[in-house]
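Data first, discussion second: the structure below is written as structure tokens.
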Amino acid sequence: MATSLNPTYFIFLSAALFAIGVYGVIAKKNIIAVLVSIEMMLAAVNINLVAFNKFFTPEAFIGQIFAIFVVTVAAVEIGLGLALAIALVRKRGTTNLDDFDWLKW
Amino acid sequence: MVNQNKDLLAKIAARHPQVEIAENGQIHVPVNHLVDFMRDLRDNFGFNYLTNLTATDYKDYMTVVYNPCIAEQAEMLHIIVKIDRDNPQVPSMVPIWGGANWQEREVYDLLGVVFTGHPDLRRILLDSDWEGHPLRKDYEWETYREK
Amino acid sequence: MYGKGLLKGLKVSLGWFLRKNVTENYPDEMPNLPDAFHGNPIFDYDKCIACNLCVTACPNRVITLETETVAKKKVVTAYNFNMQYCLFCGFCQEACRPGAIRFGKDFELTKYKREDIKIKFVKPEQVEKKKQEVLQAAAEKEAAQKAAEAAEKSEAKATEKPKAKAVKKPAEAGAATPNNNMEES
Amino acid sequence: MDLRQEVYTLNLGPQHPSTHGVFRVLLTLDGETVVDATSVPGYLHRGIEKIVEDRTYAQVIPYTDRLDYLAGMLMNWGYVLAVEKLAGIEVPERAEYIRVIVGELSRIASHQIAVGSMASDLGGLTGFIYNFRDREYILDLLEMLSGSRMTFSFMRIGGVASDITDEFIGKTREFIDYFPKNGIEEYNNFITGNEIFQARSKNIAVVSREKALDMSLSGPVLRASGVAHDLRKVRPYSVYPHFDFDVPVGENGDSFDRYYLHILEMEQSLRIIEQALDNLPDGPIMAKVSRNFKPPVGEAYAEVESSKGILGVYVVSDGTTKPYRVHFRRPSFINLGHFDEMIKGWKIADVIAVLASLDIVLGEVDC
Amino acid sequence: MGEFIAFIILAVCLLGSALLVVTLRDIVHAVLCLILVFFSVAGIFILLNADFLAVVQILVYAGGVSIMVVFGVMTVQRTQIQRSNSANSRFLVAIPVVFGTFLVAAITAARNIWTPANVPVPENDIKHLAPILLDNYVIPFEAAAILLTVAMTGALLLVKEVKDSGNKS
Amino acid sequence: MFETIFVDAANWLRNLLISINLSPFVVEVFLHVVKMVVILVFVLLNVMWLVYMERKVSARFQCRVGPDRNGPYGLAQIFNDVAKLISKEMILPTHVNKKMYLLAPILIFAPPMAILAVTPMGEGMAAVDLNLGLYYFVAIAGINTVVVWMAGWSSNNKYSLVGGMRAVAQMVSYEIPLLLALVGVIVLTGTLNLNGIVDAQKSAWLIFTQPLAFFIYFIAAMAEANRAPFDLVEGESEIISGPYTEYSGMGFAFFFLAEYANLLVMAIMTTTLFLGGWLAPFGWTFIPSWLWFIIKVYFVIWVVMWMRWTFPRIRIDHLMNLAWKFLVPLAIANIFVTGLAKYFIGI
């Protein structure tokens, strides 16, 4: 299938999305914003996986299978992360990650 | 409805010499004896239900009227308490009959009778910043009816 | 069993779905009102004897009645019915012995303007006509009976005067005390 | 930091579809659960007690209609009973029978609103409409008699305004035949028997017998808690001793009992009306009351069992044509006094259901 | 050609909304933009012939995760929402790091010479996915299920425990 | 002739476009645009009719007449309603979150439209014949929640907020029994394609082979579509109008119409999945398939309205209990039984 698309585009795209996610993780104050950024990074990874799946192993479906597991892990991560966030906020009354600078709670 | 049960009235009169029972069955109670009298009515005579509580302004004095009765029986008393108009204070009946709560608030709201010991004596029908007590006879107000 | 009540309810509503409606098509089918209905007020000028009873009977001071004495007879010069305050209790109708004020069956009493709801029943020409009639009757009476019945005349005077007085007093008292703190919702 | 931050206040009313008028409840909510509540009545206060001090005794009657406008006849009755007691007027027996008939009809009409609004406040509007459909019969009957559909002003001091006609009797009998089959049974099938309705009302806001007595609740709200305190039975006025009827009593004191008593009482009212129509005596319908009516100096307190509970009227006379003081002991007002306690710990949706089961009329609460 | 246009549109949509997620001041708006990101990713998946994954993306992320995040925001955020998503002082560090990451990835990708296997992805991919997932990878599949259960229990415990201690204070 | 009228029209249009030498890509894009417009018109017409139908049907249930003043049988009432709502001012309260407040009514129509794109409304009449149609339907149905929540949250009104929270809780909870109930369907039909599911019902409608799944699905779908007795999100006697309390004019009209669009989607999916879609019962093929489809859809809608005007509203905790303690276990049992039956009997 001669396609005008080639893997480089998708790698660029996912690299850009991943970079934006990294920025969010480093620079955001709000704990939920950080979680959201991590989700975006995982989505970037998924794009890569599916792109490689399409262009290199279309019939083995390895990339898609892996992406499904990534989706699972991402769902787990956001669930637990939010629970932690809620617990922390109930305890400390703030969403600012910089205020979580104590080692016990 | 004034009670016709002479025996009951006689019994009450015997127990409470301070009260004065009129011919038509109305019971006049002095303010300082009111709480004891009412408590005795509830505990020993079985008047477990206060149907009505209100007051009237008679220009030089005020009366507070109580109508306790016995649930599922016909007995009802008409108790009148005469109080000073300039300093209208009566002990609250809320500890004895919880149903007095809103009725006392209403009387306070409209007639300015202060019920000492009431848990939450605020205006109930009128605004909280209303001036005066409308059901007093000397209350002046404007008419809003266009001519 | 759980669900039986739900099915019963469905059965009831389905029954009404299949039946004819019970409502009336109001503006097309006017309701069949009983004779006692209190609708629009109707005033019969000729029947009114200016006794003022309706004014005193009215709980909300809706009616104002103005009279003028023409040839020792009271003639109604104004009969105003301020309908926005009317409670439609029918007390005026009950008080009126001659049946001058009564209620009709028209219940569509909304008006576009506030002034329209204050009904002025008496028209000036009616008053004029009545005055003329009274004067004429008085003149005729006077002409016919001037010489003859002096005693009868004094009797009529005696009955008429205290009645008018008694009627007028409460109305005055009512006007003097400012009392209507009613904003009907 | 504690969880109290999660609590928020909600102003339910004064403009709210289900407060049956203008009534405000200040709810403190945790999620959907009511933590605390404060009732704020008074938005419909018209000062009727003050107005009537400047009216003659007869002129008060139309104002009493405006208290509980759903059962105007019973409100009339309470007032005229107090005045008759004050002046010692004997009411002719036929007038008493007519009063009983129209009073009980009025009670059914009022109970229908209670049943219907309970249904509609739980979200089933159709039940409300069915009640209105049948209420129309009663309103037509009373309209035939008094000329008005809601504010009747039908009773007079010493009697009633007009005599009942054969047409009225015939139509009332028709209604008595029609109603139990087509009305009450349908409500039972459509509203009472519905499982969702029962789940929403059973065991909700239970009021114990002791609490109900202590809080001076009355009417179906009191009887739902198991107190058989119906003035028509315990302290009969008018000609009620002549009739054979039961006082239905609830068991649990929950919303469902409060609701269901209304339906049971409708049946009893029908029984009373039937007996009254059968035994209707002949005679005058008005006692001799002078036009310039002046009761002797004194005070009187009379109670009737209105549709919402005990309506007490306290009248003080100073010997003039105008009452010196009139006080109405409004059943809805006092029943509503316990409302804030009842709804604590229940959901917002239950607040509406409990308010509907209390069957208040704001015209009466605020007087 | 059509695929390329679609790719450009989706890429712009994806990167634009992703940028909005990290730059918007209001966290709620950011979360709504996140939903847009997920939809764009789903679009990219469709472009890559992964229909099933695209629908999973919508179901799990747009329908599930975003609702969870929205809920989290509502329970957590108590101060003014307008400035709830501001950046901290580390953004000065973050920008070079981000550009570094991007450049490394981009340069590596560009230098590499890809030799795509010119085989189309089979239609009806779910018929092919299912056997692989439930035969070859059944153990990771079950592990994922256990992971989800454990995570759910853990989340419930965390939230509940704090609520209890909150009641005591 | 009537049977294939819409398919013929589409083919005619395609041939016409090809005959004027457009590239196949452009033709397909153009055809899809046309299909989208047709679906939009279909939804809007149906929704407007449904508003009128609800008023008439509720009137019948309540022994009334319903609107009958405007036009014959009050049909012009539809246009009057819409004209009124359009001409009214859309009030923007002071403390709302403006962007979300204005965006929510626009987005509310997206999910029902997106779902209708994949449903076969007659033989060969699906705008997009998606392989994963059923799965897609479930995925898109979940999006609705976000929009309703947006409306509730941005209004800055406590009633709206409570309504929004209820929407989220209710829709997320009922998504699960809905999905689980559909698993039974998938097991029996062996396909996710909606056309395939309809085809698989040629021998017996799924309502007969999967009655339990139908029951669960129907309840869950009513809850998803916010229809009484599960209309807690609006709950007009408790929380005024829920998320839509602050909206007026066009904003309100959009929500109001979207409500019926969701009802339509729910009825269409019920018909497709359980009532044999466009298949003609008793072999009455003289009525075209798309007409059969419409008849079935409107029957489902009528049943839903019947229930709405009969039952009182359920309470939020009962609602949750119903979903988690009753429907979910029942749905899982259904899957189990279906699986066993499939394995042993091989239906």
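Per-chain residue numbering starts at 1, and chain names A, B, C, D, E and F are given in the order in which the chains are listed.
The rule we apply is simple: contacts are C-beta pairs under 8 Å (C-beta built on N, C-alpha and C of every residue); 3 or more make two chains touch, one makes a residue touch a chain.
Quantities reported herein were computed from a predicted structural model and do not represent experimental measurements.
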item: Busiest interface, counted in C-beta pairs; value: A-E
item: Chain of greatest Cα-centre distance to chain C; value: A
item: Inter-centroid spacing, chain C versus chain A (mean Cα positions, whole Å); value: 82
item: Centroid distance [mean C-alpha coordinates] between chain F and chain E, Å; value: 28
item: Centre-to-centre distance between chain E and chain A (centres being mean Cα positions), rounded to whole Å; value: 5
item: Centre-of-Cα separation between chain F and chain D, whole angstrom; value: 45
item: Residues of chain E engaged with two or more neighbouring chains; value: 1, 52, 56, 64, 71, 78, 163, 166
item: For chain A, residues contacting two or more additional chains; value: 90-91, 93
item: Shared-contact residues (touching 2 or more other chains) in chain F; value: 61-64, 309-311
item: Contact set on chain C toward chain F in their complex; value: 6, 9-10, 12-14, 16-17, 19, 21-23, 25
item: Residue numbers on chain F that touch chain E, as the complex places them; value: 25, 29, 97, 99-100, 130-132, 135-136, 138-140, 142-143, 145-146, 149-150, 153, 165, 168, 172, 175, 192
item: Chain C-touching residues of chain D, taken from the complex the two chains share; value: 44, 46-47, 50-51, 54-55, 58-63, 65, 126, 130, 133, 143-148, 151, 153, 161-162, 186, 189-191, 193-198
item: Complex contact set, residues of chain E against chain F; value: 1-2, 26, 28-29, 32, 35, 51-52, 55-56, 58-59, 62-64, 66-67, 70-71, 74, 81, 123-124, 126
item: Chain D residues within the chain F interface of the complex; value: 8, 10, 16-18, 32, 119-127, 129-130, 133, 190-191, 194, 196-197, 199-200, 347-352
